[in-house]
Amino acid sequence: MNAEAIKKLFQQVKSGDLTTDDAVQQLRHLPFEDLGFANVDHHRAVRVGMAEVIFGPGKRPDHMAKIFASLAKRGNNVLATRATEEQFRAVKKKFKKAEYNELARAVFLRQDNKIYGKGTIVVVSAGTSDIPVAEEAVVTAELMGNEVQHVFDVGVAGIHRLLARREVLMGARVLIVCAGMEGALPSVVGGLTSVPVIAVPTSVGYGAAFGGLAALLGMLNSCASNVTVVNIDNGFGAGYVASMINRL
Amino acid sequence: MNAEAIKKLFQQVKSGDLTTDDAVQQLRHLPFEDLGFANVDHHRAVRVGMAEVIFGPGKRPDHMAKIFASLAKRGNNVLATRATEEQFRAVKKKFKKAEYNELARAVFLRQDNKIYGKGTIVVVSAGTSDIPVAEEAVVTAELMGNEVQHVFDVGVAGIHRLLARREVLMGARVLIVCAGMEGALPSVVGGLTSVPVIAVPTSVGYGAAFGGLAALLGMLNSCASNVTVVNIDNGFGAGYVASMINRL
Amino acid sequence: MNAEAIKKLFQQVKSGDLTTDDAVQQLRHLPFEDLGFANVDHHRAVRVGMAEVIFGPGKRPDHMAKIFASLAKRGNNVLATRATEEQFRAVKKKFKKAEYNELARAVFLRQDNKIYGKGTIVVVSAGTSDIPVAEEAVVTAELMGNEVQHVFDVGVAGIHRLLARREVLMGARVLIVCAGMEGALPSVVGGLTSVPVIAVPTSVGYGAAFGGLAALLGMLNSCASNVTVVNIDNGFGAGYVASMINRL
Amino acid sequence: MNAEAIKKLFQQVKSGDLTTDDAVQQLRHLPFEDLGFANVDHHRAVRVGMAEVIFGPGKRPDHMAKIFASLAKRGNNVLATRATEEQFRAVKKKFKKAEYNELARAVFLRQDNKIYGKGTIVVVSAGTSDIPVAEEAVVTAELMGNEVQHVFDVGVAGIHRLLARREVLMGARVLIVCAGMEGALPSVVGGLTSVPVIAVPTSVGYGAAFGGLAALLGMLNSCASNVTVVNIDNGFGAGYVASMINRL
Amino acid sequence: MNAEAIKKLFQQVKSGDLTTDDAVQQLRHLPFEDLGFANVDHHRAVRVGMAEVIFGPGKRPDHMAKIFASLAKRGNNVLATRATEEQFRAVKKKFKKAEYNELARAVFLRQDNKIYGKGTIVVVSAGTSDIPVAEEAVVTAELMGNEVQHVFDVGVAGIHRLLARREVLMGARVLIVCAGMEGALPSVVGGLTSVPVIAVPTSVGYGAAFGGLAALLGMLNSCASNVTVVNIDNGFGAGYVASMINRL
Amino acid sequence: MNAEAIKKLFQQVKSGDLTTDDAVQQLRHLPFEDLGFANVDHHRAVRVGMAEVIFGPGKRPDHMAKIFASLAKRGNNVLATRATEEQFRAVKKKFKKAEYNELARAVFLRQDNKIYGKGTIVVVSAGTSDIPVAEEAVVTAELMGNEVQHVFDVGVAGIHRLLARREVLMGARVLIVCAGMEGALPSVVGGLTSVPVIAVPTSVGYGAAFGGLAALLGMLNSCASNVTVVNIDNGFGAGYVASMINRL
Amino acid sequence: MNAEAIKKLFQQVKSGDLTTDDAVQQLRHLPFEDLGFANVDHHRAVRVGMAEVIFGPGKRPDHMAKIFASLAKRGNNVLATRATEEQFRAVKKKFKKAEYNELARAVFLRQDNKIYGKGTIVVVSAGTSDIPVAEEAVVTAELMGNEVQHVFDVGVAGIHRLLARREVLMGARVLIVCAGMEGALPSVVGGLTSVPVIAVPTSVGYGAAFGGLAALLGMLNSCASNVTVVNIDNGFGAGYVASMINRL
Amino acid sequence: MNAEAIKKLFQQVKSGDLTTDDAVQQLRHLPFEDLGFANVDHHRAVRVGMAEVIFGPGKRPDHMAKIFASLAKRGNNVLATRATEEQFRAVKKKFKKAEYNELARAVFLRQDNKIYGKGTIVVVSAGTSDIPVAEEAVVTAELMGNEVQHVFDVGVAGIHRLLARREVLMGARVLIVCAGMEGALPSVVGGLTSVPVIAVPTSVGYGAAFGGLAALLGMLNSCASNVTVVNIDNGFGAGYVASMINRL
């Protein structure tokens, strides 16, 4: 409901180019289309800088492919997260260039290789088991037009490993830090750097890890003030918001 | 442990300006001083762009004043959060210009009025009870050198109120959204805008609000991808990280 | 234990048409029958306006079919929720007209097409993954004799989608709103309308969604006062109570 | 944003009675006013059938009185919930006829005595400790123009007490059932009646009652299908939604 | 360490029938034997009135059979709970008379048909899905020598069904009440009777039932004072303690 | 609704001693009276063997005294739990013989000194901080006509203290075991004895004791099969049900 | 029940120095005495190397003093934790040399200054608010005969502060690490050292710290394998077990 | 960053044996190598006394084998926990002497048979289902060079079984106690002994055991002061830290 567009409507009515009824109708006509099973939101590409991303779980492969196609025709990069190989095959049939990052469980189509981000996004992960989540962040940030670096296996119990990579950390414009278990890594990284840190708790761990709850609580209570948190295992969300920050 | 500084140490040793023992000593001498009851971290001003902020609860007024003074002498703005009036009075005795924002429970001293942020930070709060938390975010962001606007009482159950303030929201470079109860406001604001949204759950509510848990979980599960979350009632953290983003 | 019926008993005793022992016996004889494995409660059809609905999980297909038959012989519509295809086939053998709504996992037999509800029940769902729960609500409300409309994929992060369907919402006499993740949709819908809103948290989401807990807490803390809540994924309950309200 | 009103705007523009700029301005001008500390939402009286209710906690007595006055001038009934005696005295100064229900902690002003509800709302409470919550429901429902009856001290461990009041229950068009501890009363009442039951868990109990959590979970899992639930101790919400149903 | 036995030891030492070393040894020799993988506790038969019961999960079929045999040779009844069919077949090979109650998942061998209980234990279950847990209680109580009656499908939402069975309830010396979902049945049954009620929460339900937590909390907060609670799905424990009470 | 009483009603109707209308009326007239603020349930004395006990919290002293008087006039013992000294003084004014057990916070009036229990109830408490809860159990059991013994300060970390009191434990017909912190005592006591053990978790402890939750969970998971559990700090409930068992 | 002591008993019986009855009696006579309100366990001094420590909360000052005296007469050091000033004054009256550590809320009497520990116990605390808990650990360890060092204010967000104290850490034989908020410090310290680390979560923090739960879960999930955990705020327990380890 | 090594660097620079740039480089060169998918930390063998242990879950068999080989070449014992048979076979191919403890799910290679521990570590387990966790502790402690004894099936409900093994317990220098359900065993063992007790909660149990939460809370609240706790099912951690203590 952009003020200019509305003003133009009024002017068209005034000039007689449009009847009042048609104007009311147009006012209501927002730019989304109905595929019958999901409202694909092209408008968002304008509003938030990138086409809607598809959340894979529970979607039938053919539905997935149809939504994917609907999004792809605008020429943007398209991403489907937590996608199965079966969903990938359905997409692949329509788009020969579609790729599958098995680790990140991401299906994507790269149509736009331009770099929009102004600096580097560094993705840090604590243990080898956290890598799939970190990879999802990497894929997301790359598809949204960012330079991305991945520093892995630098958990806090071997602090010298992390310190050894300090120069890479210092080179980041935005940091994404993925950790399970006690989720302490974002606090340490946050203290070492002076840029925003997006913390991603992972469900890695057992027993009192309670599926990522321990890491989540740890990160929310971080004593480093530059840390904000996204949902457990939400590598996509971290990549998305880091990308948004990196475009500023 | 800046590489240049270390290199210089080696050069001084080589040139004989420094003995090896003194060099080892200097290498170890990090820039923090010991007040006897707390390590005040001046180094952080360099590292993260602003002097350490004082967390008020449990600190004796005279200790508070002493730490405050230690931080103030560098010429930066100084902030004590969740401070009592008694703590304020102890600070006030030493610093005539110290101010107290009663709503935000913040004691602060403004010594640097420069604007460092590149855009406006807009702080949005859902209900009147969320205002204290929002105010803490406002005070923090202002002291860190940002233009700040506060949009309040725009809860999601009266969506037209929020939509009426849409232009202000669209003008933000970073958004802070404070909400208690169901904590839904960040999702709606996140969907309306294309900049990073820092969500602050507040402990406002009763019964199944469980002291902010409901809002916290709601925000972590936001369907808007540009939302990240800080701890319950952590207006300071939101202001801090928003400020950091706004400097980029 | 209707007063009239009891009074009649006393009169029959007085007139000698009934011995006192038989009267005591009849007083105790309540209208339910024992199938050996479950008390089928025909009485409820009288009391609460519709025959007992069968909860599918854990029931053997043949038991399911037997209970179904016992309920069907009265001529009412019969509904089995969360039913498997195998259970459906067992029912189908006895009732050729029995249908299976795969999405809602509902087996039902339509024997009564009368509309009892006085207005339209509108079922709103936030994301495509919430549709199965919403469908259960739709099926239930339709079988109980209501006009039902389904508005789907109108999550709060794209508020314009919801606003574009506002006229449909305004036409509802009762609203059912299904949402997972942060569960914010009922608050927004509740604020836009002036009729009762039955909120259904769904188990859609991951991580800190904790199987629907986040959405549940969000809905219980709704700042819209016309919202009440049913159990997680309880589309049936929502359809049932909405139907009851719509008959008033 | 009523279609008729918008259409009229277009017509005024067409006829030259309004400039396009003024039209855009009017389109944006929604009917709420800014008191400086809270957006009072008169519009809601139109939308949801009654003026905004004031949530007392944390409001300064003079602010409370000012908001109260702003709402009262329309001639509707006004209600402030969880209000203190001090807040009441501030209101009383401006409105001689304002009343205070100490049990329900409710301040209210009755300006409209019309009955809008079509039947009786029966409020049932389990133990004597649940009465304050039940009273809040009673006051709310009465102020919104309903006939209300209160059945109290009929907990499930003495089922004959409840059965003895069955005729009152059967006479209800909507039921509100308040219970703490195990929260079982709504299930029993729901099974006895064929109208909607709004269940209100109360924080009555100790130990594993966990401040109303036990009752809340019990009610959400009610085996009676006509039960919906509101937040712990939310007598107001129950009265509000029951009133809304009773007006249908 | 019975005083008489110890006294006898001392006397044997005194009389020279036993060396002091042998006495110390005997003092230490407690009546359990080591099977290599589990200490089978025959002593308990003396102490608590029945041989140790075998908890099935995780035991290899051959181990199960071996433990079973070790217990059976004393002539008592033997019970293995939560046993698989495979475990049953291993036992069956050794004991032709061993039986399997599929519903209760119980393997048992009846060697002693005497009735030890002084009255009837009545096992009540709320819904058809609670029957397996109730059956475990029935089997346990029967094997421990009690008359047992089972009243099923009498949930609180159809209170007349329960009242119709009141005479059976009144005939109990001890009651076991199994219920899932809101777990309200023990409160109602407890209020109707004047004997101890053992409440067994079951994991029946979904969503906010949280695997029996809702029922558990409900029962712990029962407003009926004659209710005590055992673990979720612990039909065995209920049958065991009811049996113990019934022998008093 | 005793069958005999009902039969008599029918006979009176038959003989003309009663009109049918009066009979219906009498059928409905259950033996409880309405004090205006609470239904005092004298009927329960018949049903469950003792007059209703008063739960003190939140009751005004004068209300408390009035309810107390209503219960006392039947000649039974009367007990008010969790009562304040102020409530006690109000009762004391009416009943000179009323006593106050400060530790147990119990007000009581002893009018009936008969022993109804058939054996001894032994109340065991783990630490000195658990004594108030244990005392409540003692007072309750004594007032209900039982011989009671109290074994205190025998926590599991000093197992020899408990073993030293073993003879007392062995002499119990029913055991009540109160423990906070890890709540392990009932398991050990349960293993040593062959009578029912009522476990009472107390809120004693700090940190991860979570107000008695740790003890509660420990007791529910007891590996001793003769253990059942009541609510946290519910000494009254334990005393009540132990008394009921002891009368069998 | 030392084997030698028992053997001696048998020998005395054999030699006629002891009657069998007296022997049974002596066997039962364990070395604790009954003060009427608490079993003071002198035996423990032998068994676990130090007299029983008094847990202050809820104890009347005179009881405290009496228990204190009972323990002091053996000549050991005596410690009362979480003691109030009032309790201290009661002790002080009897023991002029009793001291009060206000920060740690500990009352103690030093009668034995010997060092039993073989190395140094280093107590590390993350923030200034964690100091009281750390102090309790320090006092406990010192009273139990250890050299203790306290490194404070070295939270993980300023990792250089910790690294600057590394030499002290490396000099420890046992480490105690106290931290609230995200509780990450034990993981980092654990990784830096090769001795046992006792982690103490503190209740420092707010919001999602949930009274120390976040720190507790973090520590339990530590990726450093030399970390074990005690209860929230349990500085005493940490000091106690560290002392025990240091004596090995 | 050993001071000596650094000093030597400075001396080499001074003597001209090293350029300043090379010195800076060497300073940064920490002793870990990059395998491409995981940082194997040989340095830890020096720091914490044993090579890094491999956490099996989620690792591809070939990756596992590669990491295993990297660790094995130093001549230390190597351990992979929670390893699958498939992972074992991959390791076995490279190391003929690699063994698999099926119960403990541990793959290990024994290259160093020296005993480093100064006493015996005794591992106690409560029930037969706790044995796998206990076995993991046993394997870990043995591989780290300790004498280990395992006392099993000595749950607290049969306290005489435990007391019968008291001499073994008294012989321990460190104790590991594994228990599920109520987790009471460490408290009892802790009270009987005067050495450190590492408590391991296991996920054994059902219902309100909540996957080991009940045992975990029980152990954290142990009334025995010599008890510390590790994560649920963390037999490895217990073995590791016990080993570390035993080397002191």
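In this document, chain identifiers A, B, C, D, E, F, G and H correspond to the written order of the chains, with residue numbering beginning at 1 in each.
Keep in mind that, in the parts below, a contact is a pair of C-beta atoms (placed from the backbone, for glycine too) under 8 Å apart; a residue touches a chain by one contact, two chains touch by 3 or more.
By chain, with names taken from UniProt: A, B, C, D, E, F, G, H = PurE domain-containing protein.
None of the values given here were measured: they were computed from a predicted structure.
> Return the chains shared as contacts by chain C and chain H, ordered by label.
A, B, E, F
> Rotation angle, chain B onto chain G: superpose the C-alpha atoms of these two copies and give the value as a multiple of 5 degrees.
Best-fit rotation on C-alpha atoms: 90 degrees.
> Any idea whether A-C or A-G has more C-beta pairs in contact?
Spelling it out, more C-beta pairs touch across A-G than across the other pair.
> With chain centres taken as the means of their Cα atoms, state the distance from chain A to chain E in Å.
From the centre of chain A to the centre of chain E is 54 Å.
> Counting only Cα atoms for the centres, state how far chain D is from chain F in Å.
38
> Where in chain B do residues touch two or more other chains at once?
1, 3, 127, 158, 192, 207-209, 213, 216, 220-221, 225, 231-232
> Under the stated touch criterion, can you name all the chain pairs that qualify?
A-B, A-C, A-D, A-G, A-H, B-C, B-D, B-G, B-H, C-D, C-E, C-F, D-E, D-F, E-F, E-G, E-H, F-G, F-H, G-H
> Which part of chain B faces chain C closely enough to touch in the complex?
Interface residues on chain B, with respect to chain C: 126-127, 155-159, 163, 180-184, 187-188, 190-192, 205, 207-210, 213-215, 217-225.
> Under the definition above, what is the set of chain A residues touching chain H in their complex?
Those residues of chain A that touch chain H are 127-129, 152-154, 158, 160-161, 164, 206-209.
> Can you check the complex and tell me which residues of chain F touch chain D?
Within the complex, chain F contacts chain D at residues 1, 28, 30, 32, 37-39, 41, 43-44, 55, 57-59, 201, 203, 211-213, 216, 231-234.
> Of all residues in chain G, which touch chain E in the complex?
3, 6-7, 10-11, 13-14, 16, 20-21, 23-24, 27
> So in the complex, which bits of chain F are touching chain E?
Answer in residue numbers: 3, 47-49, 53, 118-119, 166-167, 173, 192-196, 198, 216, 220-221, 225-232, 236-237, 240-241, 244-245, 248.
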